[in-house]
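We call the chains A, B and C, going by the order they appear; numbering starts again at 1 in every chain.
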Amino acid sequence: MEFKAEDIAKFLNGEVVGNPQVTVNNVSKIEEGKAGTLAFLANPKYESYIYESEASVILVNSDFFPKREVKATLIKVADAYQAFASLLTMYEQARANLRTGIEQPSFVHESAVIGEKIYVGAFAYISRNVRLGNRVKIYPQVFVGENVVIGDDTILYPGVKIYNDCKIGSRCIVHAGAVIGADGFGFAPQDDGSYRKIPQIGNVILEDDVEVGANTTIDCSTMGSTIIRKGVKLDNLIQIAHNCEVGENTVIAAQAGIAGSSKVGKNCRLGGQVGIAGHLTIRDNVQIGAQAGIMKDVQNGEILLGSPAVDLKQSMRISAILKNLPQLRHDLMELQRDMKKISAQKADE
Amino acid sequence: MEFKAEDIAKFLNGEVVGNPQVTVNNVSKIEEGKAGTLAFLANPKYESYIYESEASVILVNSDFFPKREVKATLIKVADAYQAFASLLTMYEQARANLRTGIEQPSFVHESAVIGEKIYVGAFAYISRNVRLGNRVKIYPQVFVGENVVIGDDTILYPGVKIYNDCKIGSRCIVHAGAVIGADGFGFAPQDDGSYRKIPQIGNVILEDDVEVGANTTIDCSTMGSTIIRKGVKLDNLIQIAHNCEVGENTVIAAQAGIAGSSKVGKNCRLGGQVGIAGHLTIRDNVQIGAQAGIMKDVQNGEILLGSPAVDLKQSMRISAILKNLPQLRHDLMELQRDMKKISAQKADE
Amino acid sequence: MEFKAEDIAKFLNGEVVGNPQVTVNNVSKIEEGKAGTLAFLANPKYESYIYESEASVILVNSDFFPKREVKATLIKVADAYQAFASLLTMYEQARANLRTGIEQPSFVHESAVIGEKIYVGAFAYISRNVRLGNRVKIYPQVFVGENVVIGDDTILYPGVKIYNDCKIGSRCIVHAGAVIGADGFGFAPQDDGSYRKIPQIGNVILEDDVEVGANTTIDCSTMGSTIIRKGVKLDNLIQIAHNCEVGENTVIAAQAGIAGSSKVGKNCRLGGQVGIAGHLTIRDNVQIGAQAGIMKDVQNGEILLGSPAVDLKQSMRISAILKNLPQLRHDLMELQRDMKKISAQKADE
């Protein structure tokens, strides 16, 4: 797709400075800009790049005036970064909208109820009693289990697996390979050392606007629901165990894991590879640093680090001392020698 | 599916107290019970819930006598929890048994030998010389490589991938996205800094009654077999490297990883995100806390924590001191000041 | 497939000692060798096994002379290990070459350009404008997005998912369930606590000779490319975030994670479960121990351990002291008591 500078300017309600007929067919970072691409300059810190960039069109803030000659056509807008982002979003949507209709061969059970303008890719499998909202996109090789309900405008990327009875909200995005609703890890120990499986007949609920990363796993509840609240963003390779709940607008980085029955509050941020033990309550606005291990409840607004995790400031103090632990030990041994000397002198007196 | 209280009682060999004609079509926790559901009360601690529950039928132990009025129909049984669990298991099986036959399109190589009453979902791929036992369930989009043997009653959930030559026992459950038998991570360093791949031509053996979680990976052996013994339960996103062996009835929580050629004994329990280095021997009945890092052999019955891991008691003592490390350092500095003072006095005397 | 000792010897340019007519149909470790298998002895440390092994044919170095009777037919070659490895590689290739042609049903968009002697398995999906090199093997249930380019001799194992616009080099191996090019984890916080998705329109580039483990995820760049350089080997369940770069011939063990925009140099080795924070630069020849947490830039050739990571020697010193922390604290308290006593005596004087 090719776009003229003047058309982009019209769409963004911006002003063209330079040749309005120049066309672009891709985007670039300003420092890597090549002919035929569109870039942006928002942060004055990077101004020097604009004089060297080969990008054909550059979005700038309306208060920007070049100090030297610029090769590119400029488009002046109220907020160059926002304008750029909205162009990208539009571009992505235009592209995604190329995927429509039901490709063959795919498997859509006759009892499934499907909305308007949906996409079902080849080799996707829609089980009995599934309900798909409008404009849902089911990419190839996705599996949707029995009785699953999926809201409007949700996207399931290739190979996503949704087990029976799960509920997925509207405008959710689930990336390739994610598994929603597999059995929780529950086993009753038997006298002979073996384990009997505890049936896991609950489900997973993703509320609206949830994003789930590639190969992330969210297990179903033993009974009832594992719940991921509105606006939660999960990165790749995360584990959410059975009976957990993650609160609104909480963001979790890659490879973190939450053990069974723990609840995480709203607006929290969990770093990569964080581990949260089972049956805990993490309240709202909590921040947990990468690789931390949480073994007890966390109060509102706490900032934690380390394994086992402690308060951020304390953790930094401890880390600083840890680095100097050999010196500390050396000092201690010196004191012991001094003390010995003094005690010997005393004995002599 | 709807069930009458009197039919459930007959099945469980229990006694109805209340209206035997009441029907249920789902289960619930007693504290969240709604009309039309079946709940149970096993632990006397939760007795108060029975007087408020809206559940239509509640299983209770035969020695339970309500102190106040109960709306629900009660069914008295020897062990309310076990009875509830067996109902769930039955319900799950009834539901799973709806999946039978070979759906189209699927790919079953003409040389494959398949048992009775199996299910092969659409878009599943069964390679050359595969042997499937009776009542095996292969969900959609599963891949089964050449010469793979799968025992009776085993379930492979959607998207499971089994590489060539692996052997899967009877009554195993492998969850969506798990990969069994991918190449072990073996490379020989070359003089120019590059690596030459060491062929990985072994396989993976899962013995009977093994459960493998979603997106877990178990690599094939370089030669011979990576072995997961009878009754092992693996959670989601676990990594088992080439040439490993995991002993009978060992249970491993999510995101743990075992490096190449390490052996874990029987009846062990490994916490989430545990890491075990390569070429180690972990003996039987070992317990390892979440996020621990194991860098040397572990003896029978040890309980370990921390990274690098130490004995549980020692680890707790160390953790307690670590939290107070700033105080410890402060005390040390105070001692140094005192010592300086004393030494100065001595010099003065 | 059966092979005669004399034919193997001819292929390896080796010399037969014993019966040249003996046949083998599989390989084994020398200590586990069974009749009908081929084993090797390279390390003199294991010489004793050769006198007990049941293997039918054993490769040995040309300077090896048995001290006792050996049942097996020996084949003497310049380097027994290398000879064995090259036999395995040949065997693997012969076997892989059984997979050719385009199986049905599969989905290959009419605009896709495909090379010679390729394999496309059933239920694989090749999108619009894809270009596949010669001898590429696409296993069943693989998804290849729009405009993806794949070089010669590359293998994508079952269920691999490649998002739009990614570039995969020649001779790459991507294992089952790996996801290449899913959206980077980028969200702009909004005033109401929710997050707006930042479009991720870049791609992933795998250069030549890269191997990617099962269920590993490599996210696309926000703009531009996430780059995995020539010869990199990635184990299973690894997370590489958006805008990262991994340098030539770097090797990363299972479950490690690299956060957004970090760069790792050439010839590095990262242990299992390592975490690298975002926006860091790790230079060349760096080694990082398992479970380490990297929170700042790393210089050429550093060897790091721990979380937060420190230099190897310092880390080992710290670990040693940590184990004895209870003793250290005890010594400190003893000193405090002694000091108190002395101060009391001073006051008395």
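Keep in mind that, in the parts below, a residue touches a chain if its C-beta (ideal position, glycine included) is under 8 Å from a C-beta of that chain, and two chains touch if they have at least 3 such contacts.
Fair warning: this is a prediction, and the values are worked out from it, not measured in the lab.
**Student:** Have a look at which chains touch which and call the overall pattern line, ring, star, complete or other.
**Tutor:** complete
**Student:** How would you label the chain A and chain B contact, same or different, if same means the shared numbers make up over half of all numbers there?
**Tutor:** Counting shared over all numbers used gives less than one half: different.
**Student:** Expressed in ° and rounded to a multiple of 5, what is the rotation angle of the C-alpha superposition of chain B on chain C?
**Tutor:** 120
**Student:** Give, as an integer number of Å, the spacing between the C-alpha centres of chain B and chain A.
**Tutor:** Those two chain centres are 25 Å apart.
**Student:** Send over the residues of chain A in touch with two or more other chains.
**Tutor:** In chain A, 105, 123, 141, 159, 177, 215, 237, 255, 273, 307, 322, 332, 335, 339, 342 touch at least two other chains.
**Student:** Using the touch definition from the top, list the residues of chain A that touch chain C in their complex.
**Tutor:** 27-29, 32, 85, 88-89, 91-92, 95, 103, 105, 121-123, 139-141, 157-159, 173, 175-177, 209, 211, 213-215, 231, 233, 235-237, 248-249, 251, 253-255, 266-267, 272-273, 290-291, 307, 319, 322-323, 325-326, 329, 332, 335-336, 339, 342-343, 346
**Student:** Can you list the residues on chain A that touch chain B in the complex?
**Tutor:** Residue list for chain A touching chain B: 105, 107, 123, 125, 141, 143, 159, 161, 163-164, 177, 179, 182-183, 185, 187-188, 193-195, 197-199, 201, 215, 217, 219, 223-224, 237, 239, 241, 255, 257, 259, 273, 275, 277, 293, 295, 307-308, 310, 314, 317-318, 321-322, 328, 331-332, 335, 338-339, 342, 345.
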